[in-house]
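Structures follow.
Common to both upcoming complexes is chain A, partnered first by chain B, then by chain C.
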Partner chain A sequence: MSKSFLYKINTLLKIQYSNMLEYRVEIALWAISGIIPFFMLNIWTNNGLNESINLSKIMLSRYFISAFFVRQFSVVWVVFTFEEDALLGKLSPYLIQPLHPFFRYFAQHIAEQLTRLPFALLIALIFFILNPESFWIPAVKTTIFAGLATFLSFLIQFLMQSVIATFCFWTEKASSIEKLLFIPTLFLSGLLAPVSSFPEFVKSWVYFTPFPYLINFPANLLSGNDPNIISGICMQLIWVIIFFCIFAKTWKSGTKKFTAMGL
Partner chain B sequence: MNIKKYFQLYSLFNYTSFAIEMEYKINILIDLITAIFGLIGSIFLLSIFFDNSNLIGGWSFEQALIIQGIYTILNGVTNTWFSPNLKEIVKYIREGTLDFVLIKPVDSQFWISFKRISPSGLIEIIIGLLVLIYCLVINEIDISFSLIILLSMTLLCSISILYSLWFLISTTTIWFVKTWNATEVLRSFLYVGRFPLSSFSFSLRLFFSTVIPITFITTIPSELILGIAPIWKIILELVVSYIFISMSRRFWKYALKFYSSASS
Partner chain C sequence: MDKIIDVNNLSKSFEVSSKEPGIKGTIKHFFKRKIKKINVINDINFEIREGEIVGFLGANGAGKTTILKILCGLLYPSKGYISVSGYRPFERKQDFLKNITLIMGQKQQLIWDLPPMDSFYLNAAIYGIEKNKAQKRIDELSEMLEIKEELYLPVRKLSLGQRMKAELLAALIHKPKILFLDEPTLGLDINAQTNLRRFLKVYNKETGATILLTSHYMKDITYLCKRVICIHNGYIQYDGKLNRLLTQLTPNKDLSIICKTIKDVRSLSKLGYKVKNKTSNEITLTINKNEITKVLKEIVNKFDIEDIHINEPPIDETVGKILINKI
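Moving on, here comes the complex of A and B:
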């Protein structure tokens, strides 16, 4: 059972990786579209805003390059693919296969991240050539934990978006709900400004939401700002479990509602 | 070329797209909430910046809010006209349906750019206008006739530049087939338009006024409202928008020579 499962995963990954390699240019462009953190860094340092939040220029630029990396490897687009598949009726053959369709999407994401890696590294290289003083090599332990935290962040977002994707069974156009959810992800995750710079009245509740654990926590970890690793990862795991339970429920009731479209 | 025919055609386009969009009424509501939250989010971000400093690039919070208003209006314009249409180009080219557009006795650029309209973007334009009016009040700006004329002129120029940028990128689809992500790159660059240009470092400022002229899109209209835009900047914006519009036209004609339809 587990052997055949591993075999399936392996095959899926191989197929999707060669599929993604077809779209190298696309993925390169996508990697470039993630450079907003650098623009934000420019505003922060150019106006000397970092002094008032007790972060040196170097630490702040390390934070933003880490945020860039975390974002690169936690981008999720499952809802858009799922919506297309559901609308065009491609979902029906997936549903009768003895493999949950979301494994296919999951493999697509992992393969896409692999394809993206060289481009992200290239952008980082350019960044460090322009800002050599902020170059650093994180310790092995930090890198491992940051990698884990990034993966968990990806998992939270993947499950969150999968829940929205299952709304396709009811509304047909679930991607607009995703656009709505993207707004708090953008502003509260720490992609544009570190959460430590938020005003008190936001900081008091923001840590109870999943958003700061998406970018802020892994980026702080990677850039060496020493957040509380254990509590951060615990919170991430809690959100993974919560969204997984919601997903399992909506998927179950959604597939019952499913009326094969496009057939 | 008969302008009346094009007007009739355009109203037909609007009629059909409204009919399509009305199928998804809840979507329009969700888009409205998204637009409002998006604005709240960027004002929140702006307030974080201004928490730590009174001036960002020489702009006060109330002044920077004008840019937010202009940005929201232009973003609404993008979401109403540009992004729904130019997303379709990818589909036209991938599926070879561009053939059907080309054989029609209508200008192909007109057809491709104005076929769809998305009403949820219109709501964003209204929100942006409200923000702008609020800014005019808090900045104590006298609304004169000449200001309104100049402002609509510069906004029109900004819209033309914005349209050309979108159209230029979408045109490259003819060679690369899938450029959905190229528009994402443009979107992320345009995001910079939410902030005064002077808040960036010199090299970025240079980039955003030459390669991708975001400075012309939001900063100049805002400066005009504040009365700090010199006349040469306004003339320059006119020139730049003219260059961009004619470039988009020429590039489209050039690209069509390379269109070889989909495997049919």
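Moving on, here comes the complex of A and C:
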């Protein structure tokens, strides 16, 4: 990676972080809105469902707090921003600058995650005060791998949405296509329940899709449920490469269709 | 001067879906879309030399902005050959992008909630300009544009004129060789328009940058451009000097004569020239520009004149004829 490219990315991150700090209340609300895993934890433990998957209450609550963390640092909204920029003409100046426009969106997401960090830690602190028995400190190696897996999960989702975002070049409402992904992401990613609790039939194919690697794999890793780290990370890398290749193709053909609307 | 832009047989068409009004039309549109092909640019050719300021004239929808969009690499041409500074614009090579800039009136690239300085530093980084060099460049341009303290206020707090200056600064930070300006003075007040025009003229003189401009404010064109390209329905109707176009369009001048007696007014109206207006002591004659000296001599010698004025037809009115396709 060249020095000049790093200088571009570094400045972009700093500026986007300053921009995100202007919206700190909004980001706090976003962080709070990501507490679905806690509701799910409540449903599971109050109904004793954890016993059916041979997971103790403590391990299950660790899974869901980990799922909360993974979700906080892998939320993606690039399709919505890109769609707005493409329709309102904001994309045009980005297209004629010597930096791929998606680096802007990428930096926006990273900056947002950094802004979100203190709020996420605060929510976790409250969670552990209310559930002191679930508190644990993961090993350094586990934390590093879980961090990597969470970043790769973010990358998969970012690229997946970026592919859909490029459909804006053909249709004005690409974000509607993204809604098709919402249901499988919600149910198959492990946000509502660990994938190990799924019926055998679902488990037989779900690991061939990208969804379990979005929440289930990094959350299991962080909570100490010991998934297969190497195969999990390899699968994540494969999905990153697949979506990157699709993105490169749709971007190349899409920009030829660009009509520079709103300009 | 070397050729910097070369356009040969350029065409661009878009496909758009059309819909009949009403619920019936909506249902039909839902099941079967009627796709229409619109030819926006039709086989045009032109060249632009380094350092020129060229104005694109034409009515709304004539194709001016589409040409600028193609030249800066935003749109992919349907047909034809284009070379801008030796590059094919649509390939959007880094070196090409470092040579150009596009400024759109009312559209902004500055980050809304941050001071313009942050956007400048970001642009500087994107164009690979070191921070100290960027600061020097910002100082130079802010002095030329007469904008200083405002650069530290959030963009949303700036007036339209201040924002436009900041937009210009952001767009020029990398010293582009070619400026594409699409309605740069749109919405600005008279003073801000004048300042912007002056700035562009000085910028062109000092840097030798080539400027391509579209504007519906004729003062932008007459102040900045020696050469104009008139577009109508995607075709070039005129490409040449603005003065020559104006002479072609308005071969006459108006001669307003204030006489001492009504008798003189009557006699003047019988000289055989076209009478535009007549009152009790004033008459306006329309005279061919080539005959003006001769006619003046004749009038001064024959009549007792109190005052005399020679008026050019308003340039806005003249160029307006181009916009409504009267050439």
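Methods note: the second predicted complex is superposed on the first by the 262 of 263 C-alpha atoms of A that agree within 3 Å, B and C clash if a C-alpha of one lies under 4 Å from a C-alpha of the other, contacts with A are read in each partner's own complex, and residues count from 1 in each chain.
Here is the rule we use: a residue touches a chain if its C-beta (ideal position, glycine included) is under 8 Å from a C-beta of that chain, and two chains touch if they have at least 3 such contacts.
Since the structure is predicted, the reported quantities are computational estimates derived from the model, not experimental observations.
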Overlay on chain A: chain C relative to chain B, clash or fit: fit
Partner chain in contact with A:97 - chain B first, chain C second, else both or neither: second
First, second, both or neither for A:196, with chain B first and chain C second: neither
Touching partner for A:131 - first (chain B), second (chain C), both, neither: neither
Chain B versus chain C as contact partner of A:142, first or second or both or neither: neither
Contacts of A:30 with chain B and chain C, given as first, second, both or neither: first
Chain A residues touched - chain C or chain B, whichever exceeds: B
Touched partner set for A:259, first chain B, second chain C, both or neither: second
Partner chain(s) touched by A:179 [first = chain B, second = chain C, both, neither]: first
First (chain B), second (chain C), both or neither touched by A:81: neither
Least Cα gap, in Å, left between chain B and chain C after the two complexes are fitted on chain A: 5
Intersection of chain A interface sets (partners chain B, chain C): 23
In the complex, chain A residues that touch chain B: 23, 25-27, 29-30, 32-36, 39, 42-43, 46-49, 51-53, 171-173, 176-177, 179-180, 183-184, 186-187, 192-193, 197-199, 202
Chain A partner contacts - residues on chain B that touch it in the complex: 24, 26-27, 30-31, 33-34, 37-38, 41-42, 44-45, 47-49, 51-53, 56-57, 176, 178-182, 184-185, 187-188, 191-192, 195, 199-201, 204
Contact footprint of chain A on chain C as seen in their complex: 14, 65, 69, 72-76, 90, 92, 94, 97-98, 100-102, 104, 107, 109, 111, 113-114, 118-119, 121-128, 182
Of chain A, residues touching chain C in the complex: 4, 7-8, 10-12, 15, 18-19, 22-23, 89-90, 92-99, 255-260, 262-263
